[in-house]
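In order of appearance the chains are A, B, C, D, E and F, and numbering begins at 1 in each one.
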Amino acid sequence: MLIEYDAASDEVRAVYDDIRATRQTDYINNFWKALAVHPPTLQRVWELVRSVMTRPGALDPLTRELIYLAVSITNGCEYCMASHKAAARAKGMTDEMYAELVAIVGTANLTNRLADGFAVPVDDRFRT
Amino acid sequence: MLIEYDAASDEVRAVYDDIRATRQTDYINNFWKALAVHPPTLQRVWELVRSVMTRPGALDPLTRELIYLAVSITNGCEYCMASHKAAARAKGMTDEMYAELVAIVGTANLTNRLADGFAVPVDDRFRT
Amino acid sequence: MLIEYDAASDEVRAVYDDIRATRQTDYINNFWKALAVHPPTLQRVWELVRSVMTRPGALDPLTRELIYLAVSITNGCEYCMASHKAAARAKGMTDEMYAELVAIVGTANLTNRLADGFAVPVDDRFRT
Amino acid sequence: MLIEYDAASDEVRAVYDDIRATRQTDYINNFWKALAVHPPTLQRVWELVRSVMTRPGALDPLTRELIYLAVSITNGCEYCMASHKAAARAKGMTDEMYAELVAIVGTANLTNRLADGFAVPVDDRFRT
Amino acid sequence: MLIEYDAASDEVRAVYDDIRATRQTDYINNFWKALAVHPPTLQRVWELVRSVMTRPGALDPLTRELIYLAVSITNGCEYCMASHKAAARAKGMTDEMYAELVAIVGTANLTNRLADGFAVPVDDRFRT
Amino acid sequence: MLIEYDAASDEVRAVYDDIRATRQTDYINNFWKALAVHPPTLQRVWELVRSVMTRPGALDPLTRELIYLAVSITNGCEYCMASHKAAARAKGMTDEMYAELVAIVGTANLTNRLADGFAVPVDDRFRT
């Protein structure tokens, strides 16, 4: 069930308004409309996502989206791949960058299993 | 079993030499010494990793390491987290950047499950 | 391939009959009809599921379904989410409960990765 | 790195104080001390966890912990299994209940793969 | 908690005896001793494992163990990798075979993510 | 985006030709046509897959495909299940073998979680 802006409670509308203001677009994507069935979850998750993705910090906005995509591909989450691919493109991701990202994600999944399968001991110099 | 340089066959040594030249360090980490039990795997995986991580492209070396880390954290691969954390640091990752990365990785894992659990339909505008 | 009751061997029919009797419904869902291509698997898996989900014990039937759903959402298994959501509803799960469940599942996936990413050491008091 | 209460900034201390008040214990477990390296993440994640785990709702506190455990076992997160096992016990989980939980988690992981492997189509009646 | 043979109930001992007879060894490994805290789970899981791993069928015993290992490496389950590596060796797995297995497991994890990341449509000819 | 043979660059065509020669079929499946958007990835991944799946070694071609399938089912990768099921059938996999494979994959996923959930310590004799 997706809750549209016009059908939303004041509590939900306040979050939708903040999403619109933060992203500078009127469009609310389906993810938030689905979470709106449970307003406290909508609110807390949005606050976390806003903080993690838009709060000024050491990583630039595009890099954050690439990291998001890397996780979503690893988990095979279709919705998340589609929505964050769009978000990353809006922040400058080219087709070339996406292809390189997917190649790195695949390679990391490969070497993760090799490290586990061969039970590779952590090098002393890699221990903090 | 870890195969040291001095005990390595010519085939394995050639890969070790290429790792050293590419990374400009004498140090061969345990991952490669473990893969060396099977030289064709060592060779092919190294060629893929070298291509994906060092070939000139659209993503800078640090961003590539951050993507690698995002996957390794999602998979919970201890060796890979330790080794690529060291690699990322060598390429400029600060503690602040790492903390932000982990926060994004966690958040993506959260929203991936929310999207699946609420069976959120992909927005028309996110379809290519 | 789905094997219907009328087309089933005696061996498969015996399991179908037990499913019907245990669940007090004539409906056999597709999962079991698919497993019926391999009768020994059908039989052993049904015995395990029946034992785990219906045997009197310390957890009530609804709680068992919620746990099942938590795993299925984490694994992103579409069939299992759909079938166990129906089963949970039949045992009393409301929309509110489902929304809370999804929020907890998402949050656990978040903190699981944070714990791994920050390599948090287990507190002494949490060791048995 | 774990940040102790005495070494914490005012911002971090405010979260620690809220954790203590909410849980009615002086003990701050390592998870939060690790997140404290990045105060905005500490704050947002705590707010989400507090909301999801302690806000009055349709699911009782013990059921919430069982769901948390189901996810943590599926993800194989050692820290999370240890800490939430302790939390669940404090809320009334017996050894019998834990054993039943693990059995359900294992069984769900089994049937999730069977459903995927046999490509079982979702029953019409399970579609909302 | 591990339940030794001498401390086991008659119900548990019956399963232990069947494990010994089936495997033709007196040794009961820790996995079963841990499951023994919950006898119905011990019994049902053992019956499933015995059926799946030892019932005469189309796959030979070594191939079955290799499949088991492939899953356990993908899931990063340390206990399962260790125990099934020993089981596979007892059935003829050489170091060469294990290295090839790990290479295939890693490669499949790589291509799984590439297929998801590039959203590759299933070829018509691969649809049953 | 899928790149057909006639639209491919010389670099991509060389890989397609090698795929055709290695597999002795004119058919190039969608996976490779999708990877062709990034020729260096296409080339390196194909070289790895060719080495891992066709290089003479200790495991026969069918066993390699079964291992590939076990991983793909565990990861729930729809494309990979479909394509490698076709590949395995071409190498001799019967319906009976596939059903047994899925049963083993499911069972391993079950016991992996049981081992983690009960925190089973690795038996001394399983340590190398």
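Keep this in mind: a residue touches a chain if its C-beta (ideal position, glycine included) is under 8 Å from a C-beta of that chain, and two chains touch if they have at least 3 such contacts.
Remember, it's a predicted structure, so these values are computed and weren't measured experimentally.
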Higher-contact pair (C-beta pairs counted), E-F versus A-E: E-F
Chain of greatest Cα-centre distance to subunit B: C
From subunit D, the most remote chain by mean C-alpha position: F
Distance from the mean Cα position of subunit D to that of subunit B, given in whole angstrom: 28
Chain centre separation in whole Å, for subunit C relative to subunit B (CA means): 35
Centre distance in Å when subunit A and subunit D are each reduced to the mean of their C-alpha atoms: 21
Touching two or more other chains - residues of subunit F: 37, 40-41, 45, 48, 52, 74-77, 96, 100-103, 105-107, 109-112, 114, 116, 118-119
Subunit D-touching residues of subunit B, taken from the complex the two chains share: 76, 95-96, 99-100, 102-103, 106
Parts of subunit F lying in touch with subunit A, wherever the complex brings them together: 37-38, 40-41, 45, 75-77
Of subunit A, residues touching subunit D in the complex: 40-41, 44-45, 47-48, 51-52, 55
Footprint of subunit A on subunit E - complex, ascending: 73-74, 76, 81, 101-103, 105-107, 109-114, 116-119
Subunit E to subunit F touching residues, read off their complex: 2, 27, 29-31, 34-35, 37, 41, 45, 48-49, 52-53, 57-59, 63-64, 66-68, 70-72, 74-75, 77-80, 82-86, 94, 96-97, 100-101, 103-105, 107-112, 114-116, 118-123, 125-127
